[in-house]
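A, B, C, D and E label the chains in the order they appear, each numbered from 1.
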Amino acid sequence: MIEMKGVQKWYGGYQALRNVDLTVRRGEKIVLCGPSGSGKSTLIRCINRLEAIQQGSIVVNGHRLDDSIKAIDVVRQDVGMVFQSFNLFPHMTVLQNCTLAPIRARRIGRTEAEATARKYLERVRIGDQAEKYPAQLSGGQQQRVAIARALCMQPKVMLFDEPTSALDPEMVKEVLDTMIGLANDGMTMICVTHEMGFARQVADRVIFMAEGQIIEEGAPDAFFREPQHARTKQFLGEILAHH
Amino acid sequence: MIEMKGVQKWYGGYQALRNVDLTVRRGEKIVLCGPSGSGKSTLIRCINRLEAIQQGSIVVNGHRLDDSIKAIDVVRQDVGMVFQSFNLFPHMTVLQNCTLAPIRARRIGRTEAEATARKYLERVRIGDQAEKYPAQLSGGQQQRVAIARALCMQPKVMLFDEPTSALDPEMVKEVLDTMIGLANDGMTMICVTHEMGFARQVADRVIFMAEGQIIEEGAPDAFFREPQHARTKQFLGEILAHH
Amino acid sequence: MTPHFGLPEFGFLLRGLQWTVLLTLVAFAGGCTAGLAVALLRTCGHRSVEWITRIYIGIFQGTPLLLQLFVVYYGLALTGLKLDAFAAVAIGFTVNASAFLGEIWRGAIQAVPRGQTEAAMALGLHYSSRMRDIVLPQAIRISLPATIGYLVQLIKGTSLAAIVGFIELARAGQIVSNQTFQPLLVFGVVGAMYFILCWPLSWWGSRMEARLALANQR
Amino acid sequence: MGYTLDFSVVWHAMPALLWGCVGTLGLALAGMTLAMMIGVAGVAARDSKAAWLRALVIGFVETVRNTPFLVQIFFLFFALPLIGLKLNPTATAIIALGVNGGAYAIEIIRGGVQSIHKGQVEAGYALGLHKGQVFRFIVLKPALRAIYPSLTGQFIMLTLTSSICSAVSAYELTSVAQRIESDTFRSFEVYFFVTFLYLAISWLLMLGFAVVSHRFFSYPTR
Amino acid sequence: GTLEDVKKKGVVVIGIQGDNPPWGYVDSSGKQDGIDADMGRAFAEYLGVKAEFVPLAVANRIPALTTGRVDILFATMAMLPERAKAVQYSKPYVANEITLVAAQATPINSNADMGKYVIGVPRSSTQDTQVTNSAPAGTEIRRFDDDAATIQALLSGQVQAVGANSFYPQRLNAAKPELGFEPKLHFTALYNGACTRLGEKEWNETANKFIDQIKSNGKLAGFYAKWMKAPVPTFPESIPGVPFTAQ
């Protein structure tokens, strides 16, 4: 489904990804964690080409990502993304947020697009808010709209970049539940998060990054029980310390 | 040390504090928790008169807070405050941040003020950053500077308003450790926080607020083990659910 | 020989006012169109294009409108392109306005959070759709107060069209003042007319600004 | 048409034109200084407790912002003598520029003060500082930094606006240019070159502003 | 364009002053009027075309002609040698006297006295040239955009005397009769001619023929009576440095 090989990424003189190899099978759920600045966001942003890479190759669903507009297009339609700060379009209603891309990028008719949108809004249990504007929703509701919006493009993979870290504690649960539902339906997912409960519950693999490299990976149970690397141990110690 | 009696506070037509009574003894450590909008910030902001109250009385260290500039002055010099969003002064170095108030409000000489500042910066383990500007520090470092800045006025009470909630997970610990150190040194503290580990470790009392009222209070062990009120139970359930 | 300031003179000022309004409309329409192009070029991502646009803006913001009109009026005539005064002034104002509006809108486009563009890209939207559906609607909202502020400047700036022979409001005022020898009265009336034209716009602009500021606080 | 460009007239008139630049710069700098004073005083008055003072400032700002500079300077030049205040053209020009720029400065500076996060002010109070100290040590510098681009932009506009002061016979670049033009009838050449001189002046000023900004307002931000 | 273009289009574009009564000004109804306007209309009639007036500021008259924005100037253009290098004058059609005007109470008896006062003139006008040449060095001369501002400056006391043409006293006294404005110094008698572009013979010849015609058929006398309240003076046969005909 996704294959990254020898990926190197620089921001100016700063190397953000160092020789990253990663293969994700169809239906697999990956949780990505690691300290701030370790390159987690950078990694998943490379997958749908929000960032260009300098070396290595990325193949998504059989399409090799290069500089051609066409390849980028195909990949972006296959890959849905949910950001930490939601990034809903504030000047559009929830429904318009969800139908814009299907209409403009997939060239689907409005009626069909709206039907699909309503289906996914129901799915994230927010169907009754379709006519509201993002600013009228709580953080948790906004993030669920963002998930529905990505789903409306019927992607084959979903990327999540700390989808709950901008939320008030009380709202985290509703978003995580939505994501768990999605995982149970068999969606391929890569998820940057520090919600270790979520990782335990749905992840097939947990991957730990530090300084632009993948340091360690494993099934959640093993990963949390007996991390191999000193860096991983230290990180898990800090994350779990005061909970 | 602090005595609030029958405190009522309105924002326009909205009542933010309803008949709040609270006594804090010298050296006591109080943790204040409760849902968003319950009036926690309002309560501690009344203590150093960032907000005026409409009814009731507040006595801090023997000084009754009224509208007189003098009373406000005395109380503000006795009470240090640390905000959620740090509020460091961006155009001053760390050292200047820490010496401004001692020099201008306490009229202490620069040399002495700097010596004190360096002492407290060491104390929060950030002595080597004295010449940097706030923007050059990480969130956790900034918050520790904010703590040092408050300490430089040698206050008798410290107020904390969610000091860790704007921080990345990894930085929470360094700030909490600083606060634990302070608590162990015997500082009187009132702390709004949802870090329950911290509450367990240092609080003498945990106070739960909802809708502008103090609903329940108790020693941390008892409070977490068997909360009395339904509202408290629900709140603790949500807070602790996914940890 | 020396009429007093009466109805006919007032009517004359009103006709000047008409020219002022007309010139403003033409300049604003032209400036908006060209300004949008300038703003898009200024943010297009190609270093060289951005620099050229930046210099263009720098030149027209860095010289007096009065002299720009002179140069357009006389300069274009020298190249054999002999426009009538109206066309020359329209071009002069358009070019000037495009620089100012272009700069205002560049700022607004860049003020739209980067995440908006990224979200649009992640959804597979192309440049034209990203601009039209996502960035510009928000940028226009952000820039509205400044745009209105510039419109007021433009209304006042049209008084400079007098130098190429237009009898717009300010010039009409001078003429009437010269005939009636009541400069204070005449300029008072002229000032009041400008004020009546500009003030509602200014008011609208600052209200919009206050609202946006409020929205940003949240 | 047989019109050939001849820039030699510009060359011969160079000394006069450069003196004109000096005149323009002088008017502009004096006008900016006055504008800045009016701006700061106006901001204080704008938020004063006296309602009449607030209304006065608002009325002043709105009047100036919504009428053309030409009308303002005519008014000053021909009206002030009526109340016995007969200022020479240079003084009139400086006052007109200062009053005009001051009205804009009031709004800009006010915006800057308001842009300071409330938490900054509260942190100041919480540390026991007084209102004046909070303004002086905490608000002022970041506020000036925040508005620096718009304030200097406004000052550049002010410099360009000074070209209109030739209408009351003030000595500045445009009036010099008009004299030369009327002696030589080489309108295009003269105006083209003078436009270039203005460009040089405003770019020079921008450079100066950048240096000042670097000197006084360069603390790191995120 | 050429004379032929003009006839084909049926419109002659005439540069004129817009705010300088009674020479050329726009009246309150927006109509161009004054002696220059009457001249312009008569000229258009002579060509058999319509007249289109372009009101010009003093300083813009010559550029407007040389850059081809207007076909001909009837714009209070005094016939001066230095200007004759830039434009082609016709024969004179109106006389004008340049004086220094001040209030009765202001004692100015000689050129040297000008040094004691602030003198206003319209920038780039004949008055400007005359005052600048006659006043002692160091005299403070203030230059305004046009006659209107110059007259206003004298009335409001910003200057104590102005370089004037024949009509200033009349207009000044209408505004403030109590001050009794009067000519103090006489600089020169000037003649105004129509202006066309240098080297365009056809235009110049046509203008001259037209002026000859209105002089002989009494039309000019009519204009003089209407605007100047005076008979037509005798015009000189030649003015040094100002050729009336194109070479």
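Operating definition for what follows: contacts are C-beta pairs under 8 Å (C-beta built on N, C-alpha and C of every residue); 3 or more make two chains touch, one makes a residue touch a chain.
Owing to the predicted nature of the structure, the values given are computational and were not obtained by experimental measurement.
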item: Chains touching both subunit B and subunit C, listed by label; value: A, D
item: Highest C-beta pair count, chain pair; value: C-D
item: Copy-to-copy rotation for subunit A and subunit B - C-alpha atoms, rounded to a multiple of 5°; value: 175
item: Centre-of-Cα separation between subunit D and subunit B, whole angstrom; value: 46
item: Geometric centre distance via CA averages, subunit E-subunit C, whole Å; value: 36
item: Centre distance in Å when subunit A and subunit D are each reduced to the mean of their C-alpha atoms; value: 51
item: Between subunit B and subunit E, centroid-to-centroid distance (C-alpha), Å; value: 83
item: Junction residues of subunit D, two or more chains touched; value: 1, 3, 78, 82, 187-188
item: Numbers and ranges of subunit B residues touching at least 2 other chains; value: none
item: Multi-chain contact residues (two or more partners), subunit C; value: 74, 78, 183
item: Touching pairs - complete list by chain label; value: A-B, A-C, B-D, C-D, C-E, D-E
item: Subunit D contact footprint on subunit B (complex, rising order); value: 48, 50, 73, 76-77, 79-81, 83, 85, 87-92, 100-101, 104-106, 133, 135-136, 149-150, 153
item: Touch list for subunit E against partner subunit D, complex; value: 59-60, 62-63, 66-68, 82-83, 86, 120, 123-124, 128, 142-145, 149, 152-153, 156-158, 197, 199
item: Subunit E-touching residues of subunit D, taken from the complex the two chains share; value: 1-3, 77-78, 81-82, 86, 89, 166-169, 175, 178-179, 181-183, 185, 187-188
item: Contact set on subunit C toward subunit E in their complex; value: 1-3, 8-9, 11-12, 15, 73-74, 77-78, 82, 85, 162-165, 167, 171, 174-179, 181, 183
item: Residues of subunit D that touch subunit B when the two form their complex; value: 117, 119-120, 122-123, 125-130, 133, 137-138, 141-142, 145, 217, 219-222
